[in-house]
Amino acid sequence: MLSISDIALGTVQVLVLMALSPLLTGIMRKTKARTQKRVGAGILQPYYDIEKLLRKDEVVSDQASWIFRVSPWVNFVAIVTAAFFIPVFLANSPFGLIGDLLLVVGLFSLARFFTMLAGLDVSSTFGGLGSSREMMISALLEPAVFLAIFVVAITYGGTSLSTIVESASNSAVLPHPQLIFAAIAMFVVMLGETGRLPFGNHETHLELTMVHEAMALEYSGKSLALMEWSQSIKQILLFALIANIFVPWGMASSASPYSIGIGMATFVIKVAALAVGVAFLESSVAKWRLFRLPDLVAIAIASSMIGLAFYYL
Amino acid sequence: MEPLQLDIMEISGAILLIATFGVIARRGFMDWLNAYRLQSIVLAGVTAVIGYVTGIWEIYVAAVLTLLIKSIAIPKVLTYVTRQLEMESKTETNPYLSLRASIIVSALLVALAYFFSQQLPFKSDPVVDIYLPVSMAQFFLGLLALVNRRTALSQVVGLLVIENGLFLFTLALTHGVSLIIEVGIFADILVGIVISSILLFRMSRTFDSLDVGNLENLRDD
Amino acid sequence: MIDDLVLFQVVISSFLGGSILSLVSRNCGFARYVIYLPSMVGSVLAVFFSLHVMTGSPLSWTVPDVVPFFNLEILVDGVSAFFILVIGTVSFAISLYSIGYSKEYQDTKRISAFGFLFNIFIASMILVVSSNNGFFFLMFWELMSLTSFFLVIYNHEKEENIRSGMTYLVMTHLGTAFILASFLLGYIQTGSLSFDSLRASSQSFPFLVKSLMFVFAFLGFGTKAGIVPFHTWLPKAHPSAPSNVSALMSAVMIKMGIYGLVRTVFDLAGPGASPDYAWWGVLLIVAGSASALIGILYAVVERDIKRTLAYSSIENIGIILIGLGLSIVFASYHLVSLSAMALVASMLHTVNHSFFKGLLFMGAGSVVYSTHTRDMEKLGGLVKMMPWTTLLFLVGAVSISGLPPFNGFVSEWLVLQALISSSQIPSAILQISIAFASLPLALTIGLAAAAFVRLFAMTFLSKARGKLAPGIGEVPRTMIAGMAVLASACILFGLVPSLGISLSTTAFHLQYQPSSPFDAVALQNASGKNFAALSMPVVATIMACISLASFGFIRAMGGKTARTPSGTWDCGFGNLNERMEYTAASLSQPIRAVFKPLFKAHNESDKEFHLQTNPYLVRSMRFSSSTRNIFEESLYNPVVSSTLLVLDKIRKIQTGKVNSYLLYIMVTIILLLLFVRMSHA
Amino acid sequence: MPDIAILLLLLTPLVGGVLVTILGKKNYAEIITISSASLVLIQVIFILSKVIHDKTITAFGNMFYIDSLGAVILLPISIVGFVAVLYSKNYMGHQYDMGMVDDKHIVRYYQGINAFLLSMIVVPITNNLGIMWVTVEATTLVSVLLIMLYFKENAIEAAWKYLIIATVGLSFALVGTVFFYYANINSGTSEDAMDWTGMVHNSKLFNPALVMIAFVFILVGYGTKAGLAPMHTWLPDAHSEAPTPVSALLSGVLLNCALYGIIRFRIVTIGAIGTAFSNELLIILAVVSIGIGAASIYFQKDMKRMLAYSSVEHMGLVSLGIGFGGLVGVYGAILQIINHAIAKPLMFFASGNVSQKYETKVMSKVKGVIKVMPMTGTLFLIGGFALVGMPPFNIFLSEFLVLSSGFQSGQFLAVSVVIVFLVVTFAAFLRHLIKMIFGTPAAEVKKDEMGKLAVIPLAILGSLVIVLGFYIPSQLQELIHNASVIINGGGFA
C-alpha cells in the first residue's frame, strides 16, 4: 500500500511545511507591522522565539494535572499528523489512501479538544474564558467546514485530498462557480480556526480579544513552544488547503525534480500571497463582538449552501 | 274471541293505567300505599279477566295470591314500617319534577310504551296485544316514580309498581310459567321487600330521615 | 461442534439462575458475587454464541402451544446475533463493574431484588432480539420495560425518582401500543403473528398498509430509542436509575428500539426498491437530525452529569437514525452499495455508542459513588483523587466526541461520507435537502466536543467548585476493570475499525469484506476513482512515530529543562480561589446565548449595595440561571392537562344520587328500544 | 350419576349454611365454611374433568345442564369462593379483634357466604333460564345482606343503591327472559319452553323484532348486574363498602354470573338474527364502560373504589371481546373472565391487608407498603401490573387476543379508542399503586404482615397470575376453546 518513496516524499512535504510555518507567521507579523506604520521584528523572529522557548525552564501551575502537561504534545502530534494528508507541491498526496479531508478536520478538533481541556485545567479565569469562547466558535464553525467540504467533495468526486487536488489541477484554469462560494466559506473558517481577526487577535493579551492565547496563557518554555509552533503549522496547513484546492495551479503531477521545484515555488508564492492578504485584512478590520461572530459564520454557511444550490440546480 | 271479552280487557287495562297514574299523582306516603293497594286490586281483577279469557284455572290462583300478597300483605308490612319510623312528615316534599310535569312526562312514557310494543307481532293474541303496552307503561311509570322521588319509601313504592307491571307482563305473555319460577319470583319479591324495609329502619335510625339526599356520600366529584 | 440451541438455552438459563440465586441470597456477604457472576458468565457465553451464529447458520427454534394461537418462536439470525453481541459485551463489563458498585447499596438496603431484576432485564433484552413472533416479542419487550422500570425506581425513597419512573413507564407503554398496532396491521394481512409469515408475504402488502406499519413502528420503537419529541422520559429515567442500570439502559436498551426499527424496515415491512419508499428514509433523517441537534444542545447546558449523558444518548441515536434513513433512501433508488455503506455506518455507530456510552455512564457512576453528587457545579478536581476513573472517562469522552483515533470518529466519518454520497441520488430535491440536512449533523458533532470538554473539565479538572466530602478516593478495582473493558473496546474499534465494519457486514450479509483487518476503508466514487479512504491503523502508527520523533527532536533542540511548580497566574491579586473559576453554567453561556429560543433561558440576579444611593460598590451579588425544557412546556403539559380535563368531566356522572343512576338506566333502555324500533321500522 | 354429583355440589354449601346456623360459634363457622368451600372446589374440578371428557352433563331430566361455557364460569366461582373463605378467617378475625363485629355478625357473615356461594353455583349449571333469573336475583339479595353486615352509614347507602338499582335492572332481565320464552312457545316447541337448550334449538324460528327487543331488555337487565356502563353506578359503592372478601366475590365472580346470562341469551339471539345486532350493542356498551372506568380511576382516592372501577373496565373488555366475535375474540373474552377472576380478588385481598394495616382506604395516606409488608406489597404489585395488562402476567394474553380480534373484525375505530383508554387506565392505575407501594412508610406503622392466612390466599392467586401469563394447561385450553365454539353458536343444529 505505501511504498518507501511515498513515505519519503510525504515526510519531506511535512518537514517542508513544519519548516516554513514559522516563516509564514513572521511574514504576516511583518506585513501587519508595516501596514500599521511600525518597523516590526524580522520575519525570522518566530524561529528565534521557538528556539529560545525550547531551551527555557517551565513554570507550571500547581493546580495543573497531567492533562495540562500532555495537551501540548497531543496538539503538536495531531496537527503534524494532519500535515501528512495536506497536498503541498505534489498533486497526488502520497498518503491519500490513508486519510482524507474529514480526517484532517478530525485531527484539528482533537488538538482543539485538548487545548480547551488544558485551558480549564489550571483553574484560571482566563483559561475558562478562552475555552468557553473556543467552545462556541469551534462548534459554530463545524457546519461551515463540513458544507464547504461537501461542495468540494461533490465537485471533485471525493473527500480524499489526492483525488480532489488531482481533478482540480486537471480541471479548467478557472474553477467551477460553486467553488468560489466554497472558497469564501473556507476562508472564514480559516480565520476562525487560526484565531485571526475578527475572531481573535494573536498579538495582544487582552481579555477582550483573547481566545487561543487565553487557553495557552499558563504555558511556558517547551510547552509554549509546542503550542505556538503547532498553531503556526495549523495555519500553514489551512493556507495550503485553500491554495491547493481553490487555486490548483502548478502542482507537480510527477515526482520529477523539475516539476517538484516548480510545485515548490508556486506553493510558496501562493501561500505567501495568501498570508499577506490575510495580514492586510487583519489590520483593516477590528475584532468583532463575540456574539456577532455567529453572523460571520452564518455568512460562510450561507455561501456554501449557495454553492450547493449552484451545483445541483 | 267474542267482542265482550275484548271490551272487558280493554276497559280493565285502562282502569289499571289510571290506577297507576294515581300512584304518580299523589304526594303523601299513605296516599301512595292506598293507590298501590287500589292498583293491586285492579291488577288482581285483570288477572282474573285473563284467567277468564284464557280459561286456565291456575291464573285464578295467581289472582287470589295477588290479592292476598299485594293488596293486603305488602301494604300491611309497609304501613307497619312507616308506623315504626318516628318521623314527623311522611310526605314527599319536593320531587325533582313538579306534579304537573311528572303527569305529562308519564303520559309521554305511556305513549312510548305503545309505540314500542306496536312493532311486535301480537295481533294474533289479543291478551298480549292489549296488556303488553299497559305493563310496559307500568315499568316506565314505576321508573319515573323512582327517578323523581326523594324519599326511600316512595322509591320502594316505585319498585312495587314496576314489579306489578312485571307480574302483569309475565302473566299476559306466558299465561303462567312453570310453577317453580312463579314461586321463585314471588319469593324474591317478598324477600326484597323485607330487606328494603330492614334498610328503611336502619336508615331512619342512622340518618333519622328517609330522605335519599342523605345517601350521597359515595360519589366521585 | 457445539449446538447453538443448547448454547442459547444455557445463556438464558444462566441469567435466570442468576436471578433466582440473587433472590435466595438474602443479602449475605457475598451476595454481590452471587448476583453478578452468573450474569458475567451469561454475557460471555452470549458473545460466544452470537459470534458462532454469525459465522455459522441462523438458529431457529419453535415451541408450539405454550399459549393459545401463538407459538414461542426463536430465530437468531445475523442481525439478532449482532445485537446479542452488543448486549453481551456491554453487560459483561457492567456486571463486572456492578460487583464493586453495588457495595454501597448492599450496606444500605437489600440488593437481592435488584439482582433478580438486573438478570431478568438482560435476559429479556436477549430474548427480545431473538424472538420471532409478534406476541412473544411484545411480551419480552414489556418484560424489558417492566424490569427496567423497577430498576429505575430502585431508590424509591425519593419522590422524584418514582415520578420519573412513572413517566418512563407510561411513555414506553404508549410506544408499545404503537408497536402492537404495527404488528396487528401485519396480522390482519397474514392472519399470523409469526415473523416468518410476515417476511414471506410482506412484499405483497398494499403500499398504504406497509407505510402505516412503518409509521407505527417508528413511533413505537422511536419512543424507546428516545427520538425527539418522544425523548422526554430519557433524561428523567437515566439519572434516577442506579448508574449501572442507566449504563445498561443507555448503552443497550435504547438500541432495542433501533433493532426493532431495523427489523421492521428491512425485514418485516420490507420496502420495495422504488422511490415511493424514499420518504421513509427522509422521515428517519429528519427525525434523526432533530434528535441529534436538540439532544446535544440540551446536553451542553445541563449541569447534572448523568442527565448530560442521557441527552447525548438522544444525540447519538439521532446520528444512528440518519445513517439508517440514508440507507433506506439509497435502497429505494437501487444504490445498493451506498445503502450498504449507510447501514454499516449506522450499525457501527450503534456498537460504538453502546461502548462509550456504557463507559461514560459507569464513569459517572464512579463519580457519584465516591462524591455522592451528580452536580457539575459542585464537582471538580477529581483528576487528582481518582486518576484511573479520570483516564478511562477521558477515553470515553474523546471517543464520543468523534475524535481520531478513537471509535466514535470512524462511524461518524462513515455517516458523513454517506451524506456526501447523497449526491448520487437521481433526484435534485432529495440531493439538496439531504445536503442541507447535513448542516445540523455537523453542528451536532461540533457541539458534542464542546459538551464533553465541559463535562470532563467541570467534573475532573481544576478545583472543586463546591464543598466535596473529605476522603474522596479511587473506586474499587472491579469498577475500574469494568470500565477498562469498554475503554479498550473503544480504542480497539477505533484503531481497527474494520473489525466493527466486517462485524456488521457479516451480520447483515453485505458485500464488502476487507481482506485484512488493516486495510483502508476505501470508497469509490461514480467514476471509479478513490472517493475517500481511511486507514486508522496507519494513522495511529503515524501519530506514534511523530510523537516519538518530535519528542526526540524537541529534546535534542532544547536539552533537558526543569519544571518548577507555582501558583496559577492571578494578575498579581493573590488568593485566587475556586469561587473565581469558570462554572459549568458560565462555560456554556455563549452557546446558550446563541441558541436562546430553545432554552427559554431564565436568568435572575440580585445585588446588594453598600450604599443604596451608589450602584458601584456592590457588597454581594447572587446570580442564578435556569434553562427550561420547551418540549415539556409546550407539547406534553397541554396534552396531559386537556386529557385530565376530559376525564374529570366523564367521571362526574357518579353523582351519588340514586335518582340519577336510575335515570341513566331509564334513558339507556329507552334509547336502545328506540334504536331497535328505528332500525326495524 | 350426574344427578348425585350435582346434588352433592348444591348440598355442600346448603348444609354448610345450616350447620353454621345451628352451631352459631365463630370458630365452628369458620371451619365449617372453609371445609364446605374446599369441598365445592374439589367437586367442581371433578365435574370439570367430566365436562372436558364428555362435552355436556345433564341432570334431573333437563333441569341442570353443564357445558363448557357453564364450566368456565363455574371454575372461578369455586376457586375464588375457596380463597375468599380462606382469607375471611384472618380478615373477619381481625375485625372481630378490633371489636367492629361480634359473634352474631360473624355467624351471619358465614351464613351469607354459604348462601351466596349456593346461589352463584346454581346460575351456570341450571338449564332453566327462569331459575337462572331467580338465582341471580337471589345473589343480589344475599349480597345486599352481606354488604350491610355492619351498619355503617356508607354501608347502608351502598346497600340501598345496590338493592334498588339491581332490582330494577333485573326486572328488565326478567322481561327479556319472558320475551324469549314467548318467542319460544310461539315457535311451537314441545319441551319446557324456558330451557336454554330448547331455545337455542328453535332460535331460527323466532320472530326477529321480538328477539331484538328481548335482547335489549336482557342486555340492560343483566348488564346492570354485570356492571356495564352506564348501569354500573351501584358497583363502586357496593364493592368499596362490602367486607373485603365479599368485594372479592362480588367483583371476581358475581359479575361473571351476570355476564353469563347475557352470553347465553346472545347465543340464542345470534341463532335468530345473526351476530351483527348483538355485537353492535355489546361493543357500544363495552367502549362506554372502558372509558368510564379509565376516567374514574385517575381521580380516585379510595383504593377499593379504584379496584371496582377497574372491574367495570374489565367487564367492558370481556363484552368487547364477545362483541368483536370470532374465535379469537370470544376466546380472549373467556380467558379475560378467568384471568380477571383471579387477579381482581388478589388485588382486593391485598388492599384489605393494606387498609387493615394502615387503618384507612384513602390511598394518599398509604406509603411504602413494600417495606411494611414485603409479601403483600410484592403480590399487590404483581396483581396491579396484571390488571393493567402488563406481561408476563395473565391478563396481557387475553387483552391481546381481544384487541387483535378487533383488528381482525375491522373495528378499527373501537379498537383505537379502547387502546387510548387502556393507556390512560395504565397510567392512572399504576400512578396510584406505585405511590402506595413504594416510598417511605410513616414511622408508627408496625412492620409485619397481617398474618399467615392473610398472605397464603394472595400467594395462591399470585402464582396463578404469573403461571397463566405464559402457560395455559391444555385441558383448560380445550375447555375454553369449546366454550368459545358454543358462544359463536357452533355445535347446535
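Just so it is clear, A, B, C and D label the chains in written order, and each chain counts residues from 1 on its own.
Note that contacts are C-beta pairs under 8 Å (C-beta built on N, C-alpha and C of every residue); 3 or more make two chains touch, one makes a residue touch a chain.
Small disclaimer: the values here were computed from a predicted structure and weren't measured.
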| item | value |
| --- | --- |
| Lowest number of touching-chain links that must be crossed from chain A to chain D | 2 |
Remaining connected clusters, assuming chain C were absent and nothing shifted: A | B, D
| item | value |
| --- | --- |
| Leading chain pair when contacts are tallied as C-beta pairs | A-C |
| Per Cα centroids, the chain farthest from chain A | B |
| Separation of chain A from chain C, taking each centre as the mean of its C-alpha atoms, in whole Å | 35 |
| Chain centre separation in whole Å, for chain B relative to chain A (CA means) | 101 |
| Averaged-CA centre spacing for the pair chain D and chain B, given as whole angstrom | 31 |
| Interchain centroid distance [CA atoms averaged], chain B/chain C, Å | 70 |
| Shared-contact residues (touching 2 or more other chains) in chain B | 116, 119, 143, 146, 155, 212, 215-218, 220 |
| Overlap residues in chain C, where contacts from two or more other chains coincide | 651, 654, 658, 662, 665, 673, 680 |
| Chain D residues counted as touching two or more neighbouring chains | 160-161, 164, 168, 172, 209, 213, 236, 296, 299 |
| Listing of all chain pairs that touch each other, if any do | A-C, B-C, B-D, C-D |
| Of all residues in chain C, those that touch chain B in their complex | 651-652, 654-660, 662-663, 665-666, 670, 673, 677, 680-681 |
| Residues of chain C that touch chain D when the two form their complex | 65-69, 135, 138-140, 142-143, 146, 153, 156-157, 159, 162, 165-166, 169-170, 173-174, 177, 180-181, 184-185, 187-188, 193, 643-644, 646-648, 650-651, 653-654, 658, 661-662, 664-665, 668-669, 672-673, 675-676, 679-680 |
| Sites on chain D touched by chain B in the complex | 128, 130-131, 133-134, 137-138, 141, 144-145, 148, 151, 153-154, 156-161, 163-164, 167-168, 171-172, 174-175, 178-179, 181-182, 185, 192, 194, 207, 209-210, 213, 236-237, 240-241, 296, 299-300, 305 |
| Interfacial residue positions of chain A with respect to chain C in the complex | 1-2, 51, 54-63, 65-67, 73, 76-78, 80-81, 84, 95-100, 102-103, 106-107, 109-110, 112-113, 116-117, 120-129, 131-133, 135-136, 138-143, 145-147, 149-150, 153-154, 157-160, 162-163, 167, 217-218, 221-222, 225-226, 290-291, 294, 301, 305, 308-309, 311-313 |
| Residues of chain B touching chain C in the complex | 96, 112, 115-116, 119, 140, 143-144, 146-150, 155, 212, 215-221 |
